[in-house]
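One chain, chain A, appears in both complexes that follow, with chain B as partner in the first and chain C in the second.
Moving on to the complex of A and B:
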């Protein structure tokens, strides 16, 4: 195999494919490397841990077609090269990389050890890339990172009222986003997609449209920059609708950006302390945020806000609260509460397509 | 740190519980006295002269000393007098590190211009404790904590030993290795097999040989102690780093049921002490000792602090059963211990959404909150009506233990 590719093109492609290689030394060490295929169409770079696969196609001058499995080192090397053409030629178990007056040779694992991945065939449904990426930004953050609860590491995609609904929860918070008029799934279908894969989709969304190909065991997202294949997670997603309270006696409306900035200032005293909670004292005079941490100190800030309801103080994990406020699009945030122990809801004051449900922290 | 002169004191009350009993009932003065009922918890010097030792079954003690007088135990008085002695120590220096109910280290290097040198202060402590509280106390004075502790042991009963700087080697060398901190019967036996009986002989063994003999960690520590290398400073009011409890089981046949019962009992004690301090711990360690003094420890570290009785019980039972499964050849369990370290302040609880199949070990789930509520209710009832007023069934109806709870409360230490 031998090809020539521009340094910038190759560096970006390697970086993308590298993000989804297997991180731990599992059963197949070869999965920690990248597979590069050179053919008539240019290069295909693949990184996969068999759960998530990133595939990138880039133009290249292919002198000799072939397949090779290349160590991640390639990325570090290419990143440090000057702009200009890079030549990679593979002979036996060695790849020689040349650029300008620099040359290196890398030992390769046998390409035939790389598992066969199902080809990304099939026609899919097209969705607007920016809208879909925006919805992912709001929802993916609420998914769990705890592999002990595999179902919660996924994002539920389901058809809802003629559109698409995305739902994620880590059991502390729940994010629900409706994309109206987007018909990605047939009516009544629900799939659970690994949040890690959707993070890649959000990152690689680019412009234009994303083509979504739903298959029996996985789903392929074709973007303008790369293809992301994510395994579907099997199992029953929790019945989330019953978690959302039907009514709230207390409603607070506050400016989103001011709240974010105040949160960032107040939570500094509790940094690196997973047990520090931010208190929100709500009354007719407005909102007061406060936080204190043993041996560190305390901070408070008051904000103008409109409040209807009884005077109430609720405490939250500051990171979870910030995640929710940050996910909201719109100038004002509506925070609805029942009492200090029941779930609270955040949404845009002027919109109803996104909801972030958050459990309080009990401080006594 | 080795100081230029002897200013570290170790003050240790002599046969504390028995001495208190003799103080409270003057008719017992001068007689062999044992505290306890089924098991000797403490013995007076008069009883020790007959070979009576703490931990000994009462029947065996009576065989050795037919005149032995058993007394029930005034645990409140032990606590009160122990505290009063600490008060006397505190009059000389604030640098007092209490290590148990009846012993403490003092660093008097800053107090000499007020009260004289270490030996003089030690004498004054002994005089005041005797005159004001009526109790005998032995004091060791040296340049390090370890040496001061050995000196106080050598000083007993009711004595004072000062190890002057420069004379440490001559003092230590002829003493038996059993006086070194951490040398129990098993280690002593192993050393004796190799002809090592005195600290001097131990100090001459090469570090590599010593590690091969008693294990890497113990070997390094013993070598350092035998060479009088002890960098520990007197740490007044130090933060507790672990909370533990243990039970000797006599010779209990290996089996899951008795182990479960004992672990549940110990976990209840440890968890309630953690809660009383407002702490929780992330690392749970279980110690299992088999017949022949072979012991193993198992530990697990969890993402958030544990102070819930049932959760600690489950984790500890899991560890103990794992240790048993790893040693299928063992026939007897002679001791079980549970301790919790990696302590953190008891944190506010992040509540969880009521999803199906929640984990009761997670504090914020509805079932986790229920466990917490049970603990709080138990703690409150016990605070008002005593520890025995209420408890978990498996513990309350479990086997009787030789050692009364009130004695445990005094003896259980929070570790460094």
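Moving on to the complex of A and C:
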């Protein structure tokens, strides 16, 4: 195999593909590398941990077609080269990378050891890339990163009221986003997609449209920059609808950016502390945020806010609260509460397509 | 403490399923309500066990322990070699510096667990005769000297009184009040403490360690 490719093009492609190579010990060693296929259409670079696969196609001048499994070290090498063409030549178990007056040789693992990945064939439905990526930005953050609860590491995609609904929860918070008019799934169908894969889709969404191909065991997202294949998670997603309270006696409306900035300032005293909680004291005079940590100190900040309801103080995990506020699009945030121990809801004061349900934390 | 040595098969159903094939083992029934199955090898840990609260049924041929969470430990007795019960009585407790240090650290973070109006002034407050475990201030601004022990005994009260006597010489702190804190306080120590105006507080170490989980969940 021998090809020539522009440094910037190759560096970006390698960076994208290597984000999904296996990093865990115990995985097939060959999965820690990239598979590069050179053919008539240029190059295909694949990085996969068998759960998420990034597949990138880039133009290249292919002198000799072939397949090789190249160490991801290639990315660091290419990134440090001067702009210009890079030549990669593979012979036996060695790849020689040449650019200008630089040359290096890399030992290769046998290409035949790389697992066979299902080809990304099939036609899918097209969705607006920016809208879908925006919805993922809001929802994926609520998915769990705990592999011991695999169902919660996924994002539920389900048809809802003629559109698409995305739902994620880690049991402490729940994010629900409706994309009206997006018919990605047949009515009644629901699939659970690994959140890690959707993070890649969000990152690679780009402009235009994303083509979504739903298959038996995985789903392929074809973006303008790469194809992301994410496995489907089997299992029953929690019945999230019953978790959302039907009504709230207390409503607080506060400026989103001001709240985010205040949270950033106040939570400094509790950084890196388990069980740190930010208290929100809500009354007719506005909102007061406070946080304290033994042996560190305390911080308070008051904000102008409109409040309807009884005076109430509720404490939240500051990171989860900030995530929720940050996910909201719009100038004002509506925080609805019942009492200090029941779930509260965050949403845009002027919108209803996104909801972030958050459990308070108990304080002594 | 009941010790039962028997050839038995054991099956556990709960968070996972586990089975022990028939073999001769030691089964311990402790006064705290726990049951543990030991073999003659594999170090000090039981092969299987169940902590209280659990309900233990013994039919002679079979012993079944159940927890409120639905976990079940079933011991099928094949051949009983020994079955004896020995009352061990109260244990004086292991004297271990680390336990007191942990207790002190936990209490420093939540002095309100001792009394609602307390605030911590300083942990390990230095005096000429040694550091005071916790120096606190009550709702009326009075200094409260807290001595933390794993087991509250007369010696602990005496130590606390010495610290108080020392701090009472300092007008910033005088007059101080004393508080002896331990998971268990012996009756003699309690009587002596009361006669010297020292408050005794017994605390639940497990509750202090874990407390109610502050992170509530949606499901």
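Here, the second predicted complex is superposed on the first by the 363 of 364 C-alpha atoms of A that agree within 3 Å, B and C clash if a C-alpha of one lies under 4 Å from a C-alpha of the other, contacts with A are read in each partner's own complex, and residues count from 1 in each chain.
One rule holds in what follows: a contact is a pair of C-beta atoms (placed from the backbone, for glycine too) under 8 Å apart; a residue touches a chain by one contact, two chains touch by 3 or more.
For clarity, every value in this text was computed on a predicted model and none was experimentally measured.
Colleague: So if we stack both complexes on chain A, do chain B and chain C clash, or do they fit?
Modeller: When both complexes are placed onto chain A, chain B and chain C end up clashing with one another.
Colleague: Using the touch definition from the top, say if A:324 reaches chain B (first), chain C (second), both or neither.
Modeller: It touches nothing on chain B or chain C.
Colleague: Of the two partner chains, chain B (first) and chain C (second), which one does A:270 touch, if any: first, second, both, or neither?
Modeller: After superposition on chain A, A:270 lies in contact with neither partner.
Colleague: For A:361, using the defined touch cut-off, is the partner it touches chain B, chain C, both, or neither? Pick first, second, both or neither.
Modeller: Touch status of A:361: both partners.
Colleague: Thinking of the overlay built on chain A, is A:169 touched by chain B (first), by chain C (second), by both, or by neither?
Modeller: both
Colleague: Figure out whether A:341 sits in contact with chain B (first) or chain C (second), or with both, or with neither.
Modeller: Touch partners of A:341: chain B and chain C.
Colleague: Return first, second, both or neither, reflecting whether A:47 touches chain B, chain C, both chains, or no partner chain.
Modeller: Neither chain B nor chain C is touched by A:47.
Colleague: Which region of chain C runs into chain B, 9-17, 63-71, 135-143 or 153-161, after the two models are superposed?
Modeller: Stretch 153-161 of chain C has C-alpha atoms clashing with chain B.
Colleague: From the superposed pair, tell me which chain A residues show up as contacts to chain B and also as contacts to chain C.
Modeller: After superposing on chain A, chain A residues 169, 171-174, 238, 243, 275, 277, 294, 317, 341, 343, 357, 359-363 contact both chain B and chain C.
Colleague: Looking at the complex, which residues from chain C come into contact with chain A?
Modeller: 108-110, 112-113, 120, 211-219
Colleague: State the interface residues of chain A toward chain B in the complex, per the touch definition above.
Modeller: 169, 171-174, 238-239, 243, 274-275, 277, 294, 315, 317, 320, 341, 343, 357, 359-363
Colleague: Would you tell me which residues of chain A are touching chain C in their complex?
Modeller: 169, 171-174, 238, 243, 275, 277, 294, 317, 341, 343, 357, 359-364
Colleague: Give every residue of chain B touching chain A within the complex, in rising order.
Modeller: Interface residues on chain B, with respect to chain A: 304, 344-345, 347-356, 358, 364-365, 369.
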